[in-house]
Amino acid sequence: MTVDRASSITRKDFLALLGGGVLAAAPWPAGRVAAQGSGVLKISFRSSLVRLDPAFTVSSDEYVATQTIFDNLTRLDANLRPIPGLAEEWSSPDGGKSWLFKLRSGVRFHHGRALEAEDVVFSMQRVLNPANASPGRRALGPIVEVTAPDASTVKFTLEGPFAEFPAILTGTFGRIVARDAVDSLNQKPIGTGPFRFVEWVRGQHLKLERNAEYWMPGLPKLNEVWLVSYPAQAAEQSALATGETQMMWDIPLSLVPVVSRLSNVQVTEIPSTGFQPIAMRSDRPPFNDARIRRAVKQAINREQVMRFVLQGRGVVAQDTPVAPSSAFYANVSAPPYDVAAARKLMSEAGHSGGFPLRLFASNERAGCIETAQVVKPMLEAIGIKIEIQQVPWDRFNAEVWKKETFFVSNWVGRPTIDEQLYPYFHSTGSWNEYNYADPEVDRLLDQARRELDLSARRGLYGKVQEKLAYDGPAIIPYFSNYATARVRGLQGVPVSPLKWVDLREAQLTG
Amino acid sequence: MRSVLRQVAIRALWAIATLIFTSILVFTATQLMPGNVAQLILGQFASPEAITALEVRLGLDRPAIVQFGSWFGGIIRGDFGVSPRMEVPIAPILIQRLGHSLVLAGLSLCLVALIGITLGTIAALRRGRALDRVLTGASLVGISMPEFVTGSLLILFFAGILPVSGFAPPQEGLWRWLSHLVLPVLSLTFIMLAHVMRTARVSMIEALGSPYVRTAVLKGLPKRTVVLKHALRNALLPTVTVIGINVGYLIGGVVVVELVFSYPGLGRLTVFAVQNRDIPLIQACTLTMAGIYILASFTTDMIYLALNPRLRAE
Amino acid sequence: MDAAADRRTRRADLGLRLGIIALGVVLVLVFAAPMLLPFDAETMSADAILSPPDVRHWLGTDHLGRDVFARTVLGGRSTLALAVAATALGVGIGASVGMVAGYKAGLIDNLLMRTSDAVMALPSLVLAMLVMVAVGSGPAAILLAIVLIFAPRAARITRSVVLNVARLDFVAAASVVGESQTSVLVREILPNVWPNILVEACLRFSYAILLISALGYLGIGIQPPTPDWGLMISEGAAYITAAPWMIFGPALGIVLAVISVNIVGDGLQERIGARLRRTTAHV
């Protein structure tokens, strides 16, 4: 990026003024532009990236960017089980309370320095240190201490045994940064990942190039990766159709039939564990009254919401984020759709006349504003007069989420059961947008985390799900499918139910 | 000649005074907005102490007038501060986006002037006939179509044929660069074209009826010469004014068109800033737009001065 | 008065009449038709999501199975009502200020005109966005934004007319005779200024429609699920390849409304222009 401007107007600036923009500074070898199809992959997104510093990203599109630039100690295989990443191997000498990770040798950061255990310690402490105000502070598991016994070993000490720890390190907050290159992580991120940062034109694209010294032999295969932002749907679709882009990260479900008709394109649709809760702040009126929460739950016809918003492309959920595909799924039911019962609860709570309420939803995440519109008449049927306020996604993250009383949120799934419940519903959780603080749920979640016996754990998580379904702070009406489109020549990019994108083995043929 | 110089000087002074006045207005408006720059920078996970500390460091605890002074001082030095949402200095981004927008607006303006005046002249010469009626009717439709309607329809019809989004730097090839500009420019052109054409037509009709032109015809000059050399020159005066007035409209139009076509210009930056309450960025963007508008009015005055034979003769 | 000018006036009158008829049709459609519609604008139907135009749904349905025709018509109602209110208020306030400023002249005049210069230097849409962000979205905020945009321009135009009129003999005479300032303003100046104000209001009205739609398009104007032309187009943009009919209705609404108002405005301008020429000749 040429953002550092000298005080006087130079020729460079003049060119920029004429529209040359960012590229004016770096004279472009003519051959590279035409390199489309020979190793240049452009992925389209509807949103645009806001942050690249992995300790501060909160959006799933940003996770894709950081996953490509950085590495984690561990990564997930196709079955969402942890496999070696920067750590060659790991073990727990004491049944899950402390963990030793042995680092791979010969790994280099993009700026040339070799990876050391101190970098891992630094990266973790960076997220954990309250002074840094990282949103992931409580999303990394119950870490008490991180140390580096030697240059290639990292030791984690946890509050108690925690079997899922290696899997939890695969997320965005577990990315390893270089401890001597953190000042400009948002401007020019440096990691050990398969692709290195070239430029980021905010609101337009992030351009990455092949990391020739990547630690996996022969990988990555692509020369360049671009994450391109297309705020307009027609534009994004047209770009894929004309070959301007080769992959559409996330297709709004209502458009799956349309995109599937494009001749050169393969659309993949799988069940995901992503969910869009209608969030109720349970620490303030009206939702601090569990009866009101239950009234809302009984006023909403989940089947209808799913049909309208997803056109059937998903499954109905029961107000818990644990999907049927999970090993810990408990077949619980939310209070059933029953307007009369809901009205009764309202009057029991002293609101027989109803009340007005503002419902916030982003119009930049497919499904959110639609959900808001679909539940509005349902809630008005029990006397809650809804005023919808739509906000752009960035503003949603900055001003609505965790601040307002009633809003439609948007989450992608997480790899472990702990991450799928603890951060949202534990009173200290990172994603607890409801300010939900239920001592029983807290206790169960803490206990389940330490429990090593699988069936006992299952029992504990089952109780949590039961509780959430009955009077939890979120209405989770559905799990939506995840659909993504690729040109037929693109291979080696697994489709993840978490919407992650692993580009190591990606290649373009034909 | 001296009076012309004086006029130029007076108008330049007015322009500067208006700019200062506008900057006060913009600053006051952003002060009234809810939201706090320190909170924006630190994000929702920051502690209240950290926010207070940053407020002190950024000088947000000082009286508004002092803050205005340092803000305005910075702008004069070309320093617009740092955008809390983007976490980068504003000036370089602003210059880059402004460049993109100027290309878009400039091309549209040229196209509008060229086609508008031509069509207006043709309509005037064919006054009352079918061609005139068709052109006048079409211009009425043009005036009534906002850019986001025109743009959406263009996207609908041209998706897959032309790029409907984004921007390609000219280094990637002239055609690629131009192809990304075609649809946005068309959307902008449509609505302004109607205005300019209507004015050009009316002025041309008046000019053709003026004694000056009648004399030229009586002198036996060929029609072509009369139209091009005598009538057109007079008709240009009001048309230039209308084009000048349209610059203000054009800036608003650019905002919408950039959004419709995801074109990375000043307009989209402004919408981003406003929607995200990025206060320093809002201030920078709106002031830049006001600056352009004021500069355009000044330039219009100057062109008017240059074209108006009476004023020049004095 | 020569025959050509006469012909011109007649044609302008014809245009004016046509415009009024067109505007009438739009108004009837927008204000009366909802009562006759079989569909409510906000009722969703899961069986009719994104269905193309047919006999049942004349303009098709949207992504939530709502009838686009019903939404277009109802969207027009809120837009037009808001546009009328905003224009009347904005031009009214502006004209009053302009009259006082022009008549009083001096420091107040200067201050008012400099302020209006500064406000006018900001593009209307950007100014509107600033207001909406500061006070929140919704009809009241839209009203405030448009008033702020329209008032300075109306003030400016009125002031310049008043400056001319105030110099005329009969106004000076009235002042000398000892009529109060208010009475001079209302009795002597206003009758000479109002035709210009009316023309301005007409021009502004069509611009108000465009502005309201643009704000809706940007997502900061009227909020869903209330139908609004601009909002409908931005919703439709997400489905433009799957259901282009989602934008046809609102686009047609905007164009028809603005065209008819523009024709009326043009006709009015011609007619009042002729009248003004005549009165000026008398004086």
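By letter and in written order, the chains are A, B and C; residue numbering begins at 1 in each of them.
Heads up, the rule we're going with is that a residue touches a chain if its C-beta (ideal position, glycine included) is under 8 Å from a C-beta of that chain, and two chains touch if they have at least 3 such contacts.
Just so you know, these numbers come straight off a predicted model, no measurement behind them.
Student: Out of A-B and A-C, which chain pair has the most contact pairs?
Tutor: A-B
Student: Could you find the chain whose CA centre sits the greatest distance from that of chain A?
Tutor: Centre of mass proxy via C-alpha means gives C as farthest from chain A.
Student: Using Cα averages as centroids, what's the distance between chain B and chain C in whole Å?
Tutor: 22
Student: For chain A versus chain B, what separation do you get between their C-alpha means, in angstrom?
Tutor: The computed centroid separation for chain A versus chain B comes out at 40 Å.
Student: Measure off the straight-line distance from the CA centroid of chain A to the CA centroid of chain C, and report it in whole Å.
Tutor: Taking the mean C-alpha position of each chain, the two centres sit 45 Å apart.
Student: Where in chain A do residues touch two or more of the other chains?
Tutor: Where chain A meets two or more other chains at a single residue, that happens at 232, 234, 237, 392.
Student: Residue numbers in chain B touching 2 or more other chains?
Tutor: 155-156, 159, 259-260, 275, 277
Student: Give me the residues of chain C that touch two or more other chains.
Tutor: Only 219, 234, 237, 240-241 qualify.
Student: Chain B touches which residues of chain A in the complex?
Tutor: 2-5, 7, 13, 16-24, 28, 33, 50-51, 56, 131, 133-135, 137, 186-187, 201-204, 228-232, 234-239, 241-242, 244, 391-392, 394-395, 397-399, 401-403
Student: Report the residues of chain C in contact with chain B in the complex, numbered from low to high.
Tutor: Going by the criterion above, the answer is residues 114-115, 117-126, 129-130, 133-134, 206, 210, 213-214, 217-220, 230, 233-234, 236-237, 240-241, 244, 247, 251, 254-255, 258-259, 262-263.
Student: What does chain B use to touch chain C in their complex?
Tutor: 17-19, 21-22, 24-26, 29-30, 32-34, 140-141, 143-146, 148-149, 152-153, 155-156, 159, 248-249, 251-252, 255-256, 259-260, 270-271, 274-275, 277, 282, 285-286, 289-290, 293-294
Student: Hey, which residues of chain B end up touching chain A in the complex?
Tutor: Of all residues in chain B, those touching chain A are 35, 40, 42-47, 50, 78, 85-89, 91-93, 95-96, 98-100, 102-103, 155-156, 159-160, 163-167, 169-173, 177, 259-262, 264, 268-269, 272, 275-277.
Student: Hey, which residues of chain C end up touching chain A in the complex?
Tutor: 42, 44, 46, 49-50, 63-65, 137, 219, 223-225, 234, 237-242
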